[in-house]
Amino acid sequence: MNLATTENASSRNAAAAGASPILRVQDLVVTYYTDLGRARALDGVSFTLEAGMKMGMVGESGSGKSTLALAMMRMIKPPGRIEGGHVWVGGTDLQSLDDEGMRKARLSKIAYIPQGAMNSLNPVTRIGEQMVDAIKSHLSGESRQAINDRCVWALKSVDLDPGVFHMYAHELSGGMKQRVCIAIGILLRPEVIIADEPTSALDVVTQRQVMETIDKVQDELNSAVILIGHDMGLMAQTMDRVAVMYAGRLVEVATVREMFTDPKHPYSQALISSLPTLDNRGQFKGIPGLAPSLLRLPSGCAFHPRCPLASDRSRSEKPKVNVLPGGRLVACHIYDQES
Amino acid sequence: QSPLAATAPKEIAPATPLPEVPRNQTVVLGWGVALSSPIGVTNPWALPGYTHQEGNAFMWEPLMYFAIFKGEYVPWLADSMEYTDDTFTALEIKLNKDAKWSDGTPVTSKDVKFTFDGQLNNSKLPYNAHFTQFVSSTDIVDDLTVKVNFKSPAPRFKFEVLTEKFDTGIPIVPADYLSSKPDVNMEPGSIDIPHSGPYDLKAWNGNQKIFDYRPDWWAVKAGRIAEPAVKRVIIANITGVSMDTVAQRVVNNEFDSALDMRSSVIGNILAQNPEITTHTGSESPFGYLDWWPNSLWMNTQLEPYSDPKVRRAMSLVINRDVINDILYEGAPIATIYPFPLYPNLQAFADTPAVKALEEQYQPRKFDTEESAKLMGEAGFTLNGDGLWEKDGKTIDATIQGFEGIHSDIVPILVEMLRQGGFDAAINFGPDAYQNMADGKAGLYMFGHGASLYDPFEALNLFHGKYSEAIGTSAGNNRFSRYKNPEYDEILDSIAPLSSDDPKFQEGAAKALGIYWRDQIDIPIIQWLHRIAYNQHYWKNWPTAENPAMGTNGAFWAHTGLLVITSLQPSGAQ
Amino acid sequence: MEQPSSLTLFLRYLNRNRGLAVGVVILIGLVLFTVIGLITINPKHAYPLSVATKQPPSLKYPFGTDFFGRNLMAAMVVGMWQTAVIGVVAGGLGTLIGVVLGFTSAYFGGWIDSTIRTICQILTPIPVLLIQVVVAGSLDKRDVTILTMALIVVMLAWMGPTLVIRAQVLTMKERQFVSVAKLSGVGDIAIIFKEILPNLLPFIAAAFVGQVFSAVFASFYLAVLGLGPLREPLLGNIIWAAQLQGAFFNGWWWWPIAPSIGMILILASLALINMGLDELANPRVRKTE
Amino acid sequence: MSNLLEIRNVTKVYQRGLLSAHAKVALKEFNLILPENDPSILTVAGESGSGKTTLAMLVLGFITPTTGEILYRGKNITTLRGAERMAYRREVQAVFQDPFAVFNPFYTVDHLLTVPIKQFKLAKSGKDARNKMDEALTAVGLRPEDVLGRFPHQLSGGQRQRINVARALLLKPKLLIADEPVSMVDASLRANILESLKNLHRDHGVTIIYITHDLTTAYHVADTITVLYRGDVVEKGDVETVIRNPQHAYTRLLVDSIPWPNLDQKWGQHSVRSKESQAEFKANAPTP
Amino acid sequence: MTRVNFKLIAKRLSFLVLVIWAASTIVFFVPRLSPRNALRERFAELARSGGFAPGDIEKLITNMNQQFGLDKPLLEQYWTYLGNIIRMDFGYSLNRYPATVTDIISQALPWTFFLLLFTTILSFIIGNLLGAISAWPKSPRWLRGIATPFVLLTGVPPVIMGVLLLFFIGFRLKLLPLGGPYSIGIVPNWSWDFAVDVLRHQMLPALALVLGSVGGWVLSMRGMGVTIQGEDYVNFAEHKGLTGGRIFRDYYLRNTLLPQVTGLALALGTLVTSALVVEQLFGLPGLGQVLNNAIRSNDFPVIYGIVLFITIAIAVLMAVLEFIYPLLDPRVRNQ
């Protein structure tokens, strides 16, 4: 029964694939200037996403996933700085907006559901107030009634009782808080929704409920969703597409099926094979070595010290992003000739 | 529950708005209004708590005042007050026929007798000791005549007790009113008590005390004085306020006068406002001589102050020239006498007998070597810190004194003593006086509130009959606890004598010689009252050049009434 | 990965934490002033009758001289030194009591904890300075010395550190490294001294600085009320004396100014350092590295 | 045959205040026997608040049971004294969830290793100690020169957690309690750490109680599994059986919600009968 | 939902009683540990200011000792004293007998109360706003800088501050009166002119207190602010596209200000002490001046009375704040 839904989704995605992308990220570069040196947390990240698509963003801790999300929101704070690149949402280049324009774009065009919903709600005001806040900041002309309707709609969309409107954050469970955040995120029907590890603090059952909520909401809004996480299992369960980040770069973007059945990048391959499944009980294959520090990245391909397929070229030259058939992106020298 | 507590008002606020009195008919005086007396206490016999200093002197009058700078009595409620013979055993008082209480009833012999009997029989009243020592009875001769009979010759009783000058003497109180009260010491007085003085209390709170002139004051009709120009007196509270601020408010013409200033401040007040004057005009030392010359008193019963050598050695390290230079810009304030050099006393000091004794004992001498020699003789040795030591202990030379009035002189003395090897320090705490009174400490800075006219009372401070044991209170500020039969004999022999008697002069000189010889205490400074008189609104303040009524200019003293009622408007608006 | 030297890191930290840096610089300045002063200046000149009186600042007397003939330069040096003694003695004692009680309370818990905690909480609303004034006022003046001043100040000043240290130990106690230490066979006492105490050093330092601050403030306060050891050139005493002699009014402005500025510098530097240490001790407040 | 550890009917009740009537039963009549000569890996699984950590703390002797007793080598651990206690301390060790909190931030990471060596007198000399440390670190895939002498915050989470495992290795305990040792670690590092743990078990015969809420890793690491739900054991048995064929409704819900990284293993295959039964197990969610 | 928690109220009340007991005990015994005799000192002072001593001072003292119950054993005095405290009876002033301590306090209290009310509110508002602004990364640079001088001002003891203000604003510029509660010669009344006059006289003392105490709030608010700044909900508010002003007000200030409220009671404690000096300096007849005089004359019933009164006021305020706090902060409302 669930399989059937998945089939539906994929066919819809296939249809959407032809449409022009609603989100276009190009050459995004972010650097943190720290005491210990410069950390290039995003190093020329580019990708596109069509409406109705769900893309998972995975990678080791510190690989730049949250930075990417924040950079798209133009919310990088000092000591970080966006040093280049563009983010188009439905034809608007966010980087070209003035501060006020960007403020308006947040939530209405591109919404961000933060990592750690536990603390993302103001503890001293009612949930309703926080929702109304958000609407008023964007739609000044909206009537009281309209605002109310919108909030009730959003809460219902995430399977919450409208009574939550009058409650405080501490009166909600973790899963409910996470869903309130989602409800706030969809208040203005944004074209792009970014959810940063929405489930990592929840237990499996709640985790599943939240993911199903996101699914449902997306069905209703038909927006593009980016889900950040590092749990490959979750990606396999819910996403259409998976993007793998390593040391501030996007090393591979592929559909879920391709990623799990035929990963191209050596890092993706290692990642996939390290996953525990029902079939390979008792066998572990970790990825050897350690994630590099952004402060002193290895020359060339950042993955080369841990890569079984590393060549001299990997050591000296940064691989560029290759576009493989079917729109797959891989950043590895191995695929250079194929493109 | 005490009746005084039950009846004393917490605050006196006029029931109806006070009439407007323009500033140029008002005199504003800076003083503490609720520091030592409770609000509402105006009865001179209320105890504890009455003081004449906070404006109450404007309500009460004595038989006579004494004009110190004219050296003469000022008859007041009494027209005359004479010893009936030259053995000084009886005194006849004749009252003024016009004298009236504020309720319109006359002041009569009955009131005087009531006042005297009260002092005699009520041990709580301040002059009880004097009365019990001297007075045997008070007789009413007629409505206006009273006769006081003494147990023994009392040549100084008229002056010391019955005459008001500075802070001593007694006022006459209303017999009818007080005798109707169950306990005269517990009766606050407030605004109800009939009084003979010209000003009525109108308002009193923690901030100010307001007196208004009563136009039917008897003294004008009696010809004692012209109609006063001051219609309102305001005592503004300055308790705890810093000297700077008070001085500045005088300069700003906010205050017409205020409490006396330290030597350092007064000159600058004059510099900043030319309308302000002092007793000596704009010349140093800016003040008049108070009756309170200060000495370093020593407890002569306490080691090592019991040794005259030590006392003398301490005196020898005090450099009086330095004191004059540093504190008084060279004015000769430092003294060697235990009494103030008022005209009559100056004359005494200038007699050949006294001069010869001064030559003999050199009380002014500053000589550290001689001091060291004496200390050696007394068995002391200098320790590593340069301090005299005996049996491993330095001399506890903590000077007990009073912050408000001694903060300039005492630090200097401490330093001089330390340089002379005495382990000196300061105690300005509220316990200072207690330490003096019970004699547990050895060294005190305090005045001789005694002589005004002749040296007897000052010398009498050291009479052996007052030498209480350590731990019991030194009566009437006799902190020396000195006992010397030779000295007592001289004093006893001159006590019944009038001060112009040559025998008296001779005996007094002899006693002064012993005072110097034994160094009973170390006289340090004459006490000056440096009071700023602001002439912006009011003229005719008593000064050296314009003695006015001949009193001192302290409005808080008993004679303050004379000062205020003689003021004349300057014409300023 | 190459680490910048710890000195560079420290300097960088100070650069970020400007308040601490300024505080430390002022304090070092004051210490240098006092130390150099004590070496070069005749401490006798800090007492009356030692030099010409009422001299305005000049080359000979950089801070002028006062009414009583103190060289205010010397008085400042000695006064600073005495202030430092009071501050360090009182601050040290207060902190020590606080640390001992705080540790005892938090580590042993139970009735010991509730007793200590309750006492602290009960004493907290009592205005300490008033009580100190009452105590100082009740003392025999001969007993008031620099040391008794410090003790008076300590008397009611240990509750703050006790509560802070206690709270910190309580959270530390729950930290997993304490469990790990137990698993490693470390005994109770060793856990207190070797595992917990070192981590509390910033808090203890902050408490110490805070204590020194309040000690200096309290002693100053007592002195200004004339409750200090009057002969000593404590900064508060000098101001007290200046006020009594109407220094401002008389145009001897330099007399109260030098000790006032001295006191302001001491207190301000301590406040700044305390704020900086707070930042160091509280990682949430600590600025990102 | 002696038992290494025996937990008999242990119940732990947390009392909130002294007078408060609200008591929280964190663990209910828990029983467990771990034989000495047959080391195994046992998983204790359950959602948040189900009593897992409470169990760990009980076994480590940091808290005492409200009723019931815990026997170590046949002796109640609360009564152990002297050498026996020292042996118990040494032989029962733990690896905790948060790889940062176990380090004392005041010291370099060496502290974690040197202290037990000193306390338990594991080495004859400084050199010997250093060798032992190197050996343990190498065994978990760390280069000693990379990590020794550093402060905890200078290392990555994976490195820190592996030092923890190295500590366990160094001590070669009889019983290791691993309380969620990989929940704070990156997915890609999990495999590495679990591998080290498994090696420890295999090479040194260490019995491991692996505490987790993550059934995927439980399935891979353990031999047997105990599922806790609000302090109650709802199911226990062989891992393969429990995961593949859960009997209890709660276990079924749990297993069904595992996000397997496998496209053919989608959520909802073992579908839960009705929404109601799911609601029944909605952990701790207060109704609005 | 908001059930009255009697147990909590009982606990707070008994705590309050303990505080009062502790304060009264300290205040009772401390002055009595010294060998000084307040009554004697009082008489001595009277004698000195009058220039004479009453004849039989010892007898008087015995009388008065009886009257004040000072001749009884210390412990008995202590019990009587505690009993009196319960009845809020602090006895008579030794110095201003027959005024009772309660009279004296009630006369002085209005001055201190208004001064403190005024300055506490002012410094709370200014200090917390400045502190919040200085910790808020988006506030303009010049505004952030403004907080520093105030922090430095905490280092300026109120005496010095008062003297400086007096000297420059009062003496030199003659902008404001030099002291006193109102102009000389005016009788207090309920008129507009009088109110203005009083306000003018309160200005300098209030300024001295505010300048000195703003820094404390700035500091603690800054610490608070830096902590809250990193909170996820503040970030999320920004993600929601809220304007800076609204985030500052609703998300940042509201959260930081709440814990500050609990500091009010203790801040009042410090402020009271400063007021003690400042009132003296400016000749305001408030509690500070009364206490100062009492300390100087060792009028211990007054000292006890005032110290106790202030302690009780602070403790009560603390308790009240503790009860009110849940109404302000929903997090602690139901527990």
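A few points about this structure:
For clarity, chains are labelled A, B, C, D and E in written order, and residue numbers in each chain start from 1.
Just so we're on the same page, a contact is a pair of C-beta atoms (placed from the backbone, for glycine too) under 8 Å apart; a residue touches a chain by one contact, two chains touch by 3 or more.
Since the model is a prediction, treat every value here as computed from it, not as a measurement.
The fewest steps needed to get from chain B to chain D, moving only between touching chains, is 2. Shared contacts of chain B and chain C, meaning chains that touch the two of them, come down to E. Averaging Cα atoms per chain gives one point for each, and the point farthest from that of chain C is the centre of A. Looking at contact counts per chain pair, the maximum sits at B-E. Our note on geometry: chain A versus chain D, Cα centroid distance of 32 Å, whole angstroms.
Put simply, the C-alpha centre of chain C and that of chain E have 23 angstrom between them.
Mean C-alpha position of chain A lies 55 Å from that of chain E. For chain B, residues that reach two or more other chains under the stated contact definition are 242, 244, 248, 430-431. Residue positions of chain A touching 2 or more other chains: there are none.
Within chain E, the positions touching two or more other chains are listed as 34, 36, 163, 167, 171, 292, 295-296, 298. Residues 242-244, 247-248, 261-262, 264-265, 268, 322, 326, 396, 398, 403, 407-408, 411-412, 414-416, 418-419, 424-432 of chain B touch chain C in their complex.
Listing the residues of chain C that touch chain D in their complex gives 1, 3, 175-177, 179-186, 195, 198-199, 201.
Remark: chain A residues 73, 75, 77, 103-108, 111-112, 114-116, 118-125, 129, 133-134, 137-138, 168, 170, 181, 184 touch chain E in the complex. For chain D in complex with chain C, the touching residues are 60, 62, 86, 89-90, 92-94, 96, 98, 101-107, 112, 115-116, 119-120, 154.
Partner chain E is touched in their complex by these residues of chain B: 2, 4-5, 8, 10-11, 13-14, 17-18, 23, 26, 28, 34-39, 41, 48-49, 51-53, 123-130, 132, 166-168, 186, 188, 203, 205-208, 210, 232, 234, 236-242, 244-245, 248-249, 252, 254, 292, 402, 430-431, 433-434, 436-438, 449, 472-473, 475-477.
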